[in-house]
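Sharing a structure here in structure tokens format.
As written, the chains take the letters A, B, C and D, and residue 1 is the first residue of each chain.
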Amino acid sequence: MIYYLIPALLMFCCGVYGFVTRKNMIAMLISLELMLNAVDINFVVFNRYLFPGQMEGMFFTLFAIAIAAAETALAIAIIINVFRAARNVDVNDLNKMKH
Amino acid sequence: MDITIPILILAIPLFMFLLLGLTGMKMPHWLAGTLGTAGMGTVLVLSYITALTYFYGGSPQFIAENGERLQAVIFNCTWLQFTPSLVIKLGFLLDPISALMLIVIPTISFMVHLYSMGYMRDHHGVYEHGFQRFYAFLSLFSFSMLGLVVATNIFQMYIFWELVGASSYLLIGFYYKKPSAVSASKKAFIVTRFADLGFLIGILVLSYYTGTFDFMQLTSAPVDGMEGVYQVSEQTALGVKNIFAQSAAPMFMGASVLTWALVLIFMGGMGKSAMMPLHIWLPDAMEGPTPVSALIHAATMVVAGVYLVARLYPLYLMETTSLDIIVVVGALTAFYAAMVACAQIDIKRVLAFSTISQIAFMMVSLGVSRPEFHEGIGYMAGMFHLFTHAMFKALLFLCAGAIIHVVGSNDYTAMHGLRKFMPITNACFLIGCLAIAGIIPFAGFFSKDEILVACFGHSIFWYIWMSAVAGLTAFYMFRLYYLIFWWKEHKVHEGHHAPADQPWTMTLPLVILAAISCVAGFVPMGNLVTWNGVPMFEHVNFFTNLTHLNWSVALVSLAVAIVAIIIATVMYRKENPLPDRMADMFPRLWDWCHHRFYWDELYQFITHKIIFGCISRPIAWFDRHIIDGAMDGLATVTNKASYAIRGLQSGKIQMYVWVYLIGALLLAAVTAVCLM
Amino acid sequence: MESLGGIIMYWVIALSIVIFSVLTVTTRKILRSATYLLFVLFATAALYFKLDFEFLGAVQMAVYAGGIVVLFVFSILLTSHPGDNTSRLVSKKRLLGLVAGVATLVVAGWALVSRCADMAAQLPVMDNPTMHQIGETLMGTGKGEYLLPFEAISVLLLACIIGGVTVARKR
Amino acid sequence: MFSNPLIYFVVIPLVMLAGLAICRSIGQIRAVAVTGSLALTALSIWLLVDYLGLRAAGADAPMLYCGSWSWFEPLNIHLAVGVDGISIAMLILSSIILLTGSFASWKIEPNTKDFFLWLILLSTGVFGFFISIDLFTMFMFYEVALIPMYLLIGVWGSGNKNYSAMKLTLMLMGGSAFLMLGLIGIFYHSAPEGMPLTWNLLEIRANESISEGWQYFLFPMTFVGFGVLGAMFPFHTWSPDGHASAPTAVSMLHAGVLMKLGGYGCFRVAIYLMPQAANELAWIFLILTGISVVYGAFSACVQTDLKYINAYSSVSHCGLVLFAILMLNTTAMTGAIMQMLSHGLMTALFFALIGMIYGRTHTRDIRLMGGLMKIMPYLAVCYVIAGFASLGLPGLSGFVAEMTIFIGSFQHADMFHRVFTIVACCSIVITAVYILRVVGKLLFGPVQDEHHLQLTDATWWERVSTVTLIVSVAAIGCFPNFFADLIKFTFSPSIFAVIGQ
């Protein structure tokens, strides 16, 4: 079981690193997907090892995938809109609302 | 006595001031001048009536059966009540010295009003700008000065004391476009104000311990059974003495509080009367129009200090230390001013220093006066000299004014040899000089002689000192006289009018004052004005003064004066190099005298370098940078703190995530460690 | 013990997950990043297959790899010019990221390793959930059945579609 | 409620506000402002006459015209009103200054209407403060008076106006924070155990339930809170900047009336309610106010901006007010109130004149001006009169006020107080120095700037404004006993019973 959790953990760490370091919003979103995916794997692994025959973990993952899809779609829509307004998707430059 | 006349004496000048001040600018010049003069003329008549009624009316209100003169309050109304006992009243006090001043002030004031009608216009008869204002201020001054001398309590005196200071300020600065006049007026006001601070503190101390402002309660005991009538008597200020005895002789820094109070009050007198070291304003005050100098800075306002000491004389007698201080200050001032007067070029400055010196004479006279000696002759002599000095010094100033008006300059270098052009002025000036030098039978001889007698009775040292000053007086006055009227022939420049005597409005006052200066010495002052009201002479006639002279003293002083005049004649009658040689012989002395012993520079240093430079500026800097800086600093710190906290709310999602994550991990780690 | 094939397969999946994850976040070309993400997702799907959740693996492939990554690619093409490199990372920022990542790794890894003994080492036997079972569970209203979340997700997706259209529409 | 005449001091300004809101032209605005302030002046003078009549008829309650209407029951907050001689003096002062201020801002621009709206709102606060005897209502009106200042300075001011407005408002708000703590503290000790708590001044005074220990805490709170507005050292620095930037009428109202709120509050709340602490702690504040008096005067000596000079002079004069209040005897307190009146009128006159001069020359730097006496004699003469009032010339108000303070303070039995009185006395010399310095540089001497020769003298509304103020100043100076009696009669004997005088 640990063999499945370790890659998931590494994937999650990569997601964290990417999310904190990248400036492009789409890249951040990609990192976010990595993290989500790592979590999904955990659900599945725990389900499979600890509660074989049940499907809670699987359904959770299923819904997570659905929500991730929705979220990504919406986020990308916003990003595109921002890009239209600012010709830029750099997260640091988007501080007009602050001032 | 009826109160109408006293009220009118004060009300008319006040009304004139308001009338001329508010509507003067709409009036023609001549009308304003005439109104002012007429008002003053009325006051003159009323004051004479009052004074003569007091001296010769024989009313029991004014004179006791044994011939003792009494103090009488004509009216006294409450103006401001501080506590039940401390009340400022505005009233009218008649006693020998206020009656004397009621003669002096309106006389000089009226002369000056009349004289100014001529003086305050140029050669073509065009009135000076602000002529009406000038008359308004003169009226204000007359009002204030009269209010001062008739004050029934020390606070009324202080009020009018301030008012004369203000009117003096306004009149010195009459030519307000001239920077020197403006700074002179400022100087005069501030220096006297500083002195008044002492006066005020003195009043505070005195009133705290005695619980009263009233002169009569301070200086005498009431006559039994007669409301409002007080008697100056041998047991002077018994009541006051008791108060000081009761409060266990309160001491402050090694002297009794009464001494402190009296010295502080005398400080007020020093300021107004230009005693050293507060004399520096008076020479500069000569920037004002000359009639003003004659009225305010020679005859009336500057003797207010003398009057103040005379008014509180019974109190001063209780603390002879304070009288000794007055003697020392007066004697030093007299000598100093006489020295300086010998080396001045500006004729008004010479007269100003002469005034300082003569007032110092009066001060010394009051200071050396003791009841044990000749029934307190010094007091009488001081007031006598006040009277005669007012007359002849006003005369000298008005003469100087006439000369300046003609020549257009204050320096004697522009004059020289005017005697042929201005014979009347010449004669009047000469009479004035003889009077101040103390030549018999002119006014100054008698009064100065009495002062020297008083000094003689007090201490031989001060007698010799003051005699020397008297000699110096004769010398510098005749130096001035010769330099104006003799020395060399007057050159009339091309295109200028030849100097000549002035119109009647200007010469008439000169003649009148000269006449008074000739005869004023025969006024039997010893019978009229004494410190306790008891007349000095049994029989009064015109020559009383002559017969009561102390001839040994008189002859010595006469001799000194004549010698001094001879020296002056030798040095200055004709143009010669002697004066320059003298100056070269003592260059240091000449320099110091010429620069008035550098008092002005010293004050300049103190005010500008120390007060402004070392106190005001640092305080202002401190306020801007430390106090305000602290407040701003508080704001800045708050601001900075806000910005620092604001950094956390940067809106940078990545930072949020990072902080969140680290926080969560730390929490997890801590929990884990704790669980282990 | 698993078969050798299973072990080999596991290593392939695990290594590709790790390697491609690292590449995803370190590459400087955003398009490549998306591509590596695709590989990660495929690897994940393979993992699901290996753990006998075939339906889940299929969904993962269809939705993630098929839908989301395509969306990413489109949006990348829309918002960035081809050949654009993201600028080099500021070292401070990289440090921050590294700290966060490593800290996560250490804490969570330590937690995993310390609990290693508690974990089941052997893969328990399990029947592959049939489509029928999945359908029943998804549409049922009883205990452990998911109609309400399913409907909620449906509404969410609808809202998302409308929202996406509204936000991204040209004005 | 409306049968109580005092209510109209708040109602009239509110009506004015409503009237201003519907005004269309500048003429209407002026008409409303002038009519309203005239009505207020008339009301205050009527009140004075009526009050004296009542007192003569034997009314000896500490406050007359008392009325109280509850408006927040749970905390026992009332709209409680009542006046004594001091309040009436302050009401007259405020209405006169509002009247003259309206004339002085005859030509204010831009947004004349808004300016007057804020100005009247401010005066609503001022009037409300002076008639209230409920601590909470008092505090509320106090805040109402403070806030409009920010806008009035920030919008219509000159120079570094944002900074000044911010500084002034923040510092005064800081003061109110102390004040609020103090007031709440007083409220919670306003009645003995078991009795309902109250905000009413008179009731608190009658209850005498604030323990000595609490007084030591609450007295400094309230005194400093009000003292900030009274420009007490070292909390005075808002005054120079604030005054320098404020428009004319606001400077007048602020220096003339608002700074008096501080002194009035110190007397009415801090000392009246907590006399024991006042007696024990007076020496600390005496030192501070004594410093204010001399320090402000020295600072004024080297300033070059006319408004700074007057602001520092206000620090000095208002310091004297607090100084005298702390002496805790009738004469000195009478002097303090007279000094408030006198300083209010005279400073208003000063600021009005400075505004008028500034409006013509567009500078306030005395080094750049000179010889104005020749150019605008009317204004210059008024300035000289104001200067004389400030340096304490007899016959004008400054003299009587200062002398009453000095005499009263010197009657204190303690040597420390007397010595400090002498220190404070020194200010009269320094005052003379800076006043004459300004007069000499600004009005006399040669004309500095050729362009100034074209300037005109005062207009009619400026004359109305200045003449009113000068007449008031002279009235106090010539007939001081009337005012002294008015004030003296109102001192509650209980305060002196406590102090033991």
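Simple rule for what comes next: a residue touches a chain if its C-beta (ideal position, glycine included) is under 8 Å from a C-beta of that chain, and two chains touch if they have at least 3 such contacts.
Owing to the predicted nature of the structure, the values given are computational and were not obtained by experimental measurement.
Should one ask which of B-D and A-C has more C-beta pairs in contact, the pair is A-C. Taking the CA centroid of chain D as reference, the farthest chain centroid is that of C. For this pair, chain B with chain D, the centres built from the Cα atoms lie 37 Å apart. With each centre defined as the average position of its C-alpha atoms, the distance from chain A to chain D rounds to 67 Å. Note: centroid distance chain A to chain C, computed from Cα atoms, is 7 Å. One simple way to say how far apart two chains are is to compare their mean CA positions; for chain B and chain C this gives 104 Å. Counting partners per residue, chain A has 16, 20-21 as the residues that reach two or more other chains.
Contact with two or more other chains is made by no residue of chain D. Each of residues 657-658, 661 in chain B touches at least two other chains. If touching chains are joined by edges, the resulting network of the protein chains shown has some other shape, matching none of path, cycle, star or complete graph.
Contact between chains, as defined at the top, is found for A-B, A-C, B-C, B-D.
Within the complex formed with chain D, the residues of chain B that make contact are 78-83, 86, 88, 155, 159-160, 162-163, 166, 169, 173, 176-179, 182-183, 185-186, 189-190, 193-194, 196-197, 200-201, 204-205, 207-208, 611-612, 615-617, 619-620, 623, 627-628, 630-632, 635. Chain A meets chain C in the complex at residues 1-18, 20-24, 26-27, 29-31, 33-34, 37, 40-41, 44-45, 48-50, 52-56, 58-59, 61-63, 65-74, 76-81, 83-84, 89.
On the chain B side of its complex with chain A, the touching residues are 651-654, 657-658, 661.
The touching residues of chain C, when paired with chain A in their complex, are 10, 13-14, 17-18, 21-22, 24-25, 30, 33-34, 37, 40-41, 44, 47-48, 51-53, 55-56, 59-60, 63-64, 67-68, 71-72, 75-76, 78-80, 86-87, 89, 93-94, 96-98, 100-102, 104-105, 108-109, 112-113, 116, 119-121, 123-127, 129, 133-134, 137-138, 144, 146, 149, 153, 156-157, 160-161, 163-165, 167-168, 170. By the touch criterion given at the top, residues 16, 19-21, 28, 91-92, 95, 97-98 of chain A touch chain B in their complex.
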